[in-house]
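Which chain is which? They are A, B, C and D, in the order written, and residues in each are numbered from 1.
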Amino acid sequence: MAKIKAGVLGATGAVGQRFIEGLKEHPWFELTSLAASERSAGKKYSEAARWRLESELPADIAEMTVVNVDPKEVDADIVFSALPSDEAKTAEPAFAAAGCAVASNTSSYRMVADVPLLIPECNHEHLDIIKIQQEKRGWENGGYLTTNPNCTTVMFTLPLKPLMKFGIQSVHVASMQAVSGAGYEGVPSMAILGNVIPYIGGEEEKVETEPQKILGTFDGEKIINADFAVTASCHRVPVMDGHTEAVWVTMRDNPTPAEVRQAMLDFDPKLGDLPTSPKKALIVKDEADRPQPRLDRNRGNGMSVSVGRIRSGIRFVCMGHNTVRGAAGASILNAELLVKKGLL
Amino acid sequence: MAKIKAGVLGATGAVGQRFIEGLKEHPWFELTSLAASERSAGKKYSEAARWRLESELPADIAEMTVVNVDPKEVDADIVFSALPSDEAKTAEPAFAAAGCAVASNTSSYRMVADVPLLIPECNHEHLDIIKIQQEKRGWENGGYLTTNPNCTTVMFTLPLKPLMKFGIQSVHVASMQAVSGAGYEGVPSMAILGNVIPYIGGEEEKVETEPQKILGTFDGEKIINADFAVTASCHRVPVMDGHTEAVWVTMRDNPTPAEVRQAMLDFDPKLGDLPTSPKKALIVKDEADRPQPRLDRNRGNGMSVSVGRIRSGIRFVCMGHNTVRGAAGASILNAELLVKKGLL
Amino acid sequence: MAKIKAGVLGATGAVGQRFIEGLKEHPWFELTSLAASERSAGKKYSEAARWRLESELPADIAEMTVVNVDPKEVDADIVFSALPSDEAKTAEPAFAAAGCAVASNTSSYRMVADVPLLIPECNHEHLDIIKIQQEKRGWENGGYLTTNPNCTTVMFTLPLKPLMKFGIQSVHVASMQAVSGAGYEGVPSMAILGNVIPYIGGEEEKVETEPQKILGTFDGEKIINADFAVTASCHRVPVMDGHTEAVWVTMRDNPTPAEVRQAMLDFDPKLGDLPTSPKKALIVKDEADRPQPRLDRNRGNGMSVSVGRIRSGIRFVCMGHNTVRGAAGASILNAELLVKKGLL
Amino acid sequence: MAKIKAGVLGATGAVGQRFIEGLKEHPWFELTSLAASERSAGKKYSEAARWRLESELPADIAEMTVVNVDPKEVDADIVFSALPSDEAKTAEPAFAAAGCAVASNTSSYRMVADVPLLIPECNHEHLDIIKIQQEKRGWENGGYLTTNPNCTTVMFTLPLKPLMKFGIQSVHVASMQAVSGAGYEGVPSMAILGNVIPYIGGEEEKVETEPQKILGTFDGEKIINADFAVTASCHRVPVMDGHTEAVWVTMRDNPTPAEVRQAMLDFDPKLGDLPTSPKKALIVKDEADRPQPRLDRNRGNGMSVSVGRIRSGIRFVCMGHNTVRGAAGASILNAELLVKKGLL
């Protein structure tokens, strides 16, 4: 089987680099196009971008010429978008209109009614809205938009999925977020060394609205949000990668901690075997002091969410890799789902 | 006026050193006795202890001879206790029986019915229980026990005080605690560098029970706990000093964030002018990203609690210096209150 | 005595804020003018700058209107310059030509032959070159340029001063520098958390040339550089404030460690009593594991350099506060010297 | 081929865990015995040790019963020793006398004349001294002692090897060492967060004497040390793993930086294909700001040393993983060499 041609929009930034890392040896996708801002276009990738990851930049990618974020210059069946949200606003629909599948990590279209906001293990059936999206927007070349959630949202929404059967009524979440979530230049060291910053612009608004859409139901025409409230307090801590979250969930059925733990252990998203889906999407840790970002963020190649300290309340702590499961890896898993569903 | 003779129990440890720092130039107290374990007793303080604070160890204190934790060896009107809780269990009553006032930072007697658990700005009237304590225990030499709260408790209980009038019903608190709270050897660097540890042994139990006693009322015979539930999730972060806490408070009267902010601004504990009581016990920060431990922990010489991000929910973030307001400084403020009330 | 009017050039940046902090309650200087780039000029200081220090921004300074970096807009007898070096290149001489004393923290004029590069404890006699500077440049209004060294230079050059008598032949220095040396946005947290960066652009060149000028002699016409070689390796470490340096010094007389220690203990710069000169410019630490930035950087209000581990080689470790003794505090001490010498 | 039976002495500690990690899927060795102190002996490994590594503890190893550090209880052809140096002093020869090969990471026997101190890429020919060792000590069952260097020594001694041809005369090294080098409880977070500690007990003595033995020559009877002096300054920094070192080398032939770089690039230890020998023992980085511990410590699965900033002086910066190349990985590579040389 020929590989599917994949492009990255915003290829030089922190998430763009994670996209390259995740796609460079992917069994289904072939990285054919790297697009970035005018400043970078025309340059070799190794000149346009300063590679910031521990892995080595592959030599063939270093040599690729960066192109503009323009469907005419990008040769791809699917584009992965790490664009700033204002640029994504116009660029992503342009790619969809030109016949491209768009797997976006940007917030611009997440909450738009006809765009699926996906965690494959939670709501793959929302993909059926794509047909409605294409009709409504008059996209006749097969292009469409898909999105993945905010990096803080995904870590607690995934463990909420198996708790839906208990009747979730309300959720409180306090996050302790890694600096990599803000991009390479996002958090100055003078701001965060030995410190906590109790504010992340725009974060709480996303965290408080995205889960209800993700855990909502598609009625054949639209997504009906799940009916519970989320209230969040978001904080930055001196951690490189891995968002840790303290979560309280009130549920109609008042399950015991043991019942909650069992529901998480039993959680089987029945996704089948996608190349990057982890053996266990949810890992339940029984040690008193886990999960911890340094020890647990790379479980399932960074695609597992680890949950621990399930106790009365119901309270628990969850943690996952914010730039893998919470960003580039999420879009790539979405794309694999698109292939499996025959949408690509 | 002659100074009051003060001793420190557990003088060589981290909190003991903070006691020395807080007492060495105190206008009312004179440091007359340093007591520690057998291993240290008989040695010069500078040989028994490794001084860990940024301030210099005063030369006269360096020369003092450490004595045993024994009322016969300690020459003091009041002792400040930083003993491990099992040792405190027997040693503190022995000092009280011998006629000594005890201001303890240890958890052993905090929740015992006849022992006041004090935040002077919140419940100084609880001191009246001392008479009952002395009668019940048969202490006839004027000795008694007082305690201050756990370092995490005090940071959010102080801001709850002015909210009592709105009818507090329940509290959720997620803490991000500094490493100094665990003592000098408490948290290995390999455990916490670039990491979050979502568990602190015994902490949540204290945090969930102490506030109701502190904010309770003394009916002339006993303290009647305030009637609300606290549920906590406690985490260690790579911060040296300063506990940051995200707090949710449900209240009967459903006040607006502006009303809550105003109540905090108006909070006047009417403590009068104690030597270490800060000009403002509660500081309200209106910047979006405050309070932060690195920038705000030393407000009021480490005795103020800073509150910010008061928003619907009601949610807010509070922060204070855990080894000053949360430990040694709290006991010293208690002692000043004892003097003012004529109990010393 | 009326206070001397002082302005700050580059008042909104990290060093500019340290200048404000050092001048706001200075006994000799009155802060009359805050100058910054066009973007800031015309705004209130509190709007133009985001205050980043632990101390509170004084209310009266918050209200001052920022002006342009232009001698016509700045009302001052002396200006303290924290300008970027390219701007300093033209702005500083313009202020000198207009009759202003300039105390610069910028590198632009440090190595220029007729400009003194000062550590008051080391070479205050170099100030006599100012007369030559004024003549040569035709500055007839009493203005002139003075500079202080790079923040890494000063920490090891000060302890070298008392060793000059042993005949210094060569110096090796390896620095472990704090992030604040690069300015607030200078070092992203993703670059330095749990990491060492073994390169600081342009730093080694400064460190290898400035000490010889500082420790040189003024022969009445020019400064004759001291005759030794410095070779440096500069590294950034995850420390907020305080540059630590490992130093090797080869000397003609081959002094023992005890002789070196004694020379440092005996070091008396005979500066007299300037408002910010520390009681001891050099502090010798005899503990095996000192100096340490966290514990020792604030000695002498940040103006002392601490030295320890003096051992055969001769090797030692020195450390000082890079944004106080190494930047703003250095310029202010220079200005105090100017007053004392009657140059202001 | 049947696998060789391997035991770990000191299996519960930090280096012991790295040994288990390195041996659990090794193609040549089979982990047959885990020995530790009396406190642990008799327990299941998962009960005796708290696993601290990011990798998962393999289930079969978790179930193994820990035995005493006693040749009678340990069933192995080779033992890897991570014992404290005082215990190693008696235990290691006991194992050798009992017929066991000993690959020790401990310092006890490194500088003993008849014990090889190995970096396989530098001095595998020193292994010939084993025969002399066995004769001298009367070990007739085939047992013997081998050692690997201190973790700081190996990082700069490996890059010195290809420079030997230029006539090394003297070496200065300033280290910036990771906390993991001190073991899990070794460095309290209160000691190192945002700090530098300019002292590591006993480290400089090792660093100043081991390289000359490693780079010495075996004359058929004894090892003749290389003739150059090393002078070291060792510092701890807030880094988890990876020792960074600034090195100055004076050489008789005065090579240019380009010649030094080429010698390092050309370095071919001709070790052949050992299971854990990295493709390149020395990696030369040409970027201005490399090597960095966070980005480069895992090169060659933690077995490569990265060198950069080769400049006049000759100065360079080198860096490697201190608990892999600098500890457990070094002993395992030694053991692979023993197999290849027919000694096992």
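To be clear about the criterion, a residue touches a chain if its C-beta (ideal position, glycine included) is under 8 Å from a C-beta of that chain, and two chains touch if they have at least 3 such contacts.
Computed from a predicted structure; not experimentally measured.
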Between A-B and A-C, flag the pair that has more C-beta pairs in contact. A-B
Top of the farthest list for chain B, CA-centroid basis, is D
What's the rotation, in steps of 5°, that superposes chain B's Cα atoms on chain D? 180
Between the Cα centroids of chain A and chain C the separation in whole angstrom comes to 48
Provide the C-alpha centroid distance between chain A and chain B, rounded to the nearest whole angstrom. 43
Touching two or more other chains, which residues of chain D qualify? 193-194, 238-240, 294-295
Residue ranges of chain D touching chain C (in the complex, touch as defined): 172, 174, 176, 193-199, 201, 231, 233, 235, 237-240, 242, 244, 246, 248, 288-295, 308-309, 313, 315, 317, 319
In their shared complex, at which residues does chain A touch chain C? 14, 52, 179-180, 184-194, 238-240
Looking at the complex, which residues from chain B come into contact with chain C? 54, 193-194, 240, 294-295, 298
